[in-house]
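Next up: the structures, one after another.
The same subunit A turns up in both complexes below, where it pairs with subunit B and then with subunit C.
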Partner chain A sequence: MNAMTHTTNAYNFGFLDEYAKKEVRRAVLKAIAIPGYQVPYASREMPMGRGFGTGGLQLTLSLIGPNEVVKVIDQGSDDSVNAVNLRQFIEMTCPGVSTTTKTAECTLVQSRHRIPELALTASQIIVLQVPYPDPLVVVEPSEDKRKTMHGEADYSRLLVKLYEDIVKFDEITISHRYPTRINGHYVIDPSPIPRWDVPKLNDSAALVLFGAGREKKIYAVPPHTRAEPLAFSDVPFRVEDFRDAAGRRRACARCGCTDSFLDEFVADSGSKTWQCSDSDWCDEQLLRTEHPQGELA
Partner chain B sequence: MSYVAIKGGGRAIAGAAAVTEFLRTEEGLGNTCTEPPEPLKIDAILHQLRHLVDRVISEGGVYHPKFAALAVKQSLGDTLEAAFALRAWRSTRPRLSATPPLDTSRMRLIRRISSAFKEIPGGQMLGPTPDYALRLLRLDLMDESPEAFRAIAREWLETCPDAQLPDSFPKVLDALRAEDLLPPVSATRQQAAFDITREPLVFPVPRSAALATMARAETGSLLGIAYSNMRGYGDVHPTVAELRVGYLPVTLPHPVTGEFTEAGEVLITECEVVAMYEAEGGGKPVFTVGYGACFGHNEVKAISMAILDRALQKGMKDGPANPSEDPEFVLLHVDGVDSMGFASHYKMPHYVTFQSDLDRLRTTQQKSGEPA
Partner chain C sequence: MMKAESIWQADVQQRVFRELVEAFSRPGDIRDLSACVDGASAQRTVLATLMDGEMTLADPHGQIAEADWPLLQAKPGATESARYVVANGHRAPDFQPPLGSLESPEFGSTILIEVDSVGHGALSLDLAGPGVDGRRALRLTGLHPDWLTRRADWVGGFPLGVDLLLSDATRIVALARTTRIRISGEAF
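Here is the complex of A and B:
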């Protein structure tokens, strides 16, 4: 609580003043009403760096209530430095709120770069941190022009980019931040989640909110809304391939899971292993299978 | 091998904060000095490092010199970090009131120059500036005695002649305007100013939004883009009609009566440039004007801003011919908090996206190796 005593005035619940929170909530309502549309908002400065999740954090702090159970992950992990930092800040500025690492127990997840493997439910909200809110930025630098393109659902230049990829590489080279069409109109940048996570947006039971603090935009994929990654009928969208040279699906070296997104590790000897990127998922798989005593690493 | 490379994130953060705090207080060990080491006093920063404070109140966008000095102290002199801390503190404050447009001819000046005219109404006043100083290291300051330090200020006050300064100085631009050399004051001046702290920039933006964005922009970013215009990626060719530094009385509506009441004063720098003339819609040709103003004594920033204001007005009228005339290019890339934050964020883990990149590269490599 050191930071709290640095000034004579204590901070408001959720750090931001109430007007700021109201503004964010109004933007959220609009974002839900127009799925995939990037709603501009003022975006206050937060005490952590722009690019570290200030947009997501403003959403979280505006939505958080006294009975909230919050989970914060970064790269799928609850324990990476930035996730710890954000969680501590939430605990510090929202007294009474509880935090958890368990996906199943939380009511609100703030995440950077991942959607948890465990399917989220209707009683949960996921807040994704967004560095680049506009998928058209790769083909058009001017926001003014991009706004018109979005309004007209004119994504032809984006499709041409995908086509050019196929001509050049025989493969679409977009690895993450895969452009995804929401409810048949607006194409969104789903934040730097891997392609693996994009299908989770489609018909999601949970509300998915996106917050870009630096770029001052909020957008949403409301529950049970269509989310279709851009692709061609003869070149379908594909998620990351975790098969080995023999074509077998690699398994997590820790829990043995064969249907999760894997992080690749290079040991000092040069050999490679793979483990679940979602740390809570990995723990749950371990508990469920060969470690009934719960003797976790 | 750890599960996530940075396991024990909480402990790592605490450790990083502790070692930074050690560096701040290391002098306290007494190993490097003969005098008993003292912590840096906020007052010392306010006075002896005043331009650091000026820069931080300007880029932080809050006129709070004491907290700016505190921010300088806790960030170990990093201006980007200090402005950032001040800006974040600002987010916790509700906006209770707004000032009316303030009349800068009422400034209590400490400095005022014009490079357009040798003689200006009210006279030129050089004031505190390093402009004509030789930038030679003053080795005598290496080990300044407290007695000598105190004597300098005392002597200056004793020998300083009583200046008969008027309360206000006329603006150089008013004289040019009286001669019909400037465009008439536009009607947009009557519109309420765009508040960039409460509304996002959605382009095209009004000039007041551009001015507000530049007023709290990072000095170096603003200078860099303005310099590109000066060097040839643009053609503003400005003349500084007037540059003034001083204390501007701030009025606020009285909470009960609503009457405008003087609430204090803020140190600001203001710069007005005139640029080559243009004929508006077949009318009489007149000079064009660029305006810059910011909290604190920051002359390079105010001049850069005035040049960019002129460049942006041109860009908005005729379409941008270079980056400094493009409102999106300039206004979205000059904020220190935004740009330093985003540059820093690349130090965070990107394992997932990089894994995804690897997948694409390996797949395309594999395909390029296959016979067509």
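Here is the complex of A and C:
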């Protein structure tokens, strides 16, 4: 880091040059105007590997201003490697911005694989990092054909795939990246968020932006827009079930919360414990209950 | 050295872009650019934010000053093919903008229309659709009635369509191709 400081001024605010930002910005506006449509854009080389959140990062850097309060999360945690690295990069290239781990305080969230438990507001924007933007890729290898299928809202082959799941396993086996229909037309890959987070896309107060850097696509779910996970009338969409063998809802081992998305941890002894995936949510629950038994991170 | 107008500066353009994001995310929601325009019109401010040498821009009504073209860098294009069109709301739309294709609906143009007032006036629109929580009312002055009938034709076949950004001196409001519009007040 120290070696970098004397050269930071050589970079434009937000690392990207203004032409790159303008291109991303025009794509963002079209993505919002055509909900769920994957707008192609010229994804720039970033000083990190494709697949490390470069799509989300380019969105963040094109949106960000000096008064921004940014939160970066990876699998719900502010402290995992991907989140820490991206946050440091944003701090280094965007002088003046502040960063936070608190969902309630931020104006912009960049996230990998989770939408925060705390409902986002109209004054916030969430940017999701997307590895595979096209839900049709599992049934159609040709992008040209997929674009036509999307345009015609022809998702029959995707529904057949879901039906085959039901025939074989009695339920739809997609655990994350659940195909979701936006405003009754385009079906999107909502990025690898768990099923738990999919209902948050529907009628959201906040704008949701998706950036796929390697696949060079940007798409959006505008606020107050219908987002319906694909399902059948007799096999409804279900979120993850955290009940134990006795049918009781498992609680977070740290804060005791019984209505959040839980991660499973296996101890050396082989015993399993469950904890909130959203670390800020977990901290807030701990503070609220004022039980000092857990170690505050 | 000539002092550049602030609308050409990167930090101002970032703020204008965020207002555009809000406007398109919430059709009918009026955004105020007073802090950014620096004496320019809102339409000109938005152009400065979005244009560069990659873009084609049509100006059928002569909205853009000759001296601005080199600064915008956009390639002048025909209204039938340009990605962006600037227009004067007083004049009837006498052109056919590109609507995009089924495979690439983003080629449907963005039309920037300058009107007398965004937020006040006899023309009252009732809006619904993505970005609108329930319904939202929008009042306008200085929009030729043909715009709304032509737009209804242009956006009839989603995902094809055009996206409109209306502006007065300092305010902007967006009508995306998904926005459903009903004329509710006495028109004009």
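In the analysis below, the second predicted complex is superposed on the first by the 281 of 297 C-alpha atoms of A that agree within 3 Å, B and C clash if a C-alpha of one lies under 4 Å from a C-alpha of the other, contacts with A are read in each partner's own complex, and residues count from 1 in each chain.
Just so we're on the same page, a residue touches a chain if its C-beta (ideal position, glycine included) is under 8 Å from a C-beta of that chain, and two chains touch if they have at least 3 such contacts.
Since the model is a prediction, treat every value here as computed from it, not as a measurement.
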item	value
Side-by-side fit of subunit B and subunit C on subunit A, or clash	fit
Which of subunit B and subunit C A:Glu18 touches, first, second, both or neither	both
Touching partner for A:Leu63 - first (subunit B), second (subunit C), both, neither	second
Which superposed partner A:Ile125 touches (first subunit B, second subunit C, both, neither)	second
Partner chain(s) touched by A:Ala33 [first = subunit B, second = subunit C, both, neither]	second
Touched partner set for A:Glu228, first subunit B, second subunit C, both or neither	neither
Contacts of A:Leu207 with subunit B and subunit C, given as first, second, both or neither	second
First (subunit B), second (subunit C), both or neither touched by A:Asp241	first
First, second, both or neither for A:Gln75, with subunit B first and subunit C second	first
Dominant contact partner of subunit A by residue count, subunit C or subunit B	B
Minimum distance between Cα atoms of subunit B and subunit C in the superposition (Å)	8
Overlap of subunit C and subunit B interfaces on subunit A (superposed complexes)	12, 18-19, 23, 40, 144, 147
Contact set on subunit A toward subunit C in their complex	12-13, 18-19, 21-23, 25-30, 32-35, 37, 39-40, 62-66, 125, 144, 147-148, 151-152, 183, 185-186, 207, 222-226
Subunit B residues touching subunit A - in the complex, by the definition given at the top	1, 3-4, 6-10, 12-13, 67, 84-85, 87-95, 196-204, 328, 332, 337-346, 348-353, 355-360, 363-364, 367-368
Residues of subunit C touching subunit A in the complex	10-11, 13-15, 17-18, 20-21, 24-26, 49-52, 54-55, 101-106, 110, 130-133, 158-159, 163, 174, 176-178
In the complex with subunit B, residue positions of subunit A that touch it	7, 9, 11-12, 15-20, 23, 40-52, 54, 74-77, 79-85, 88, 112-114, 131, 141-144, 147, 169-171, 173-177, 192-196, 214, 216-217, 240-241, 254, 261-265, 267, 273, 275, 277, 279, 282, 297
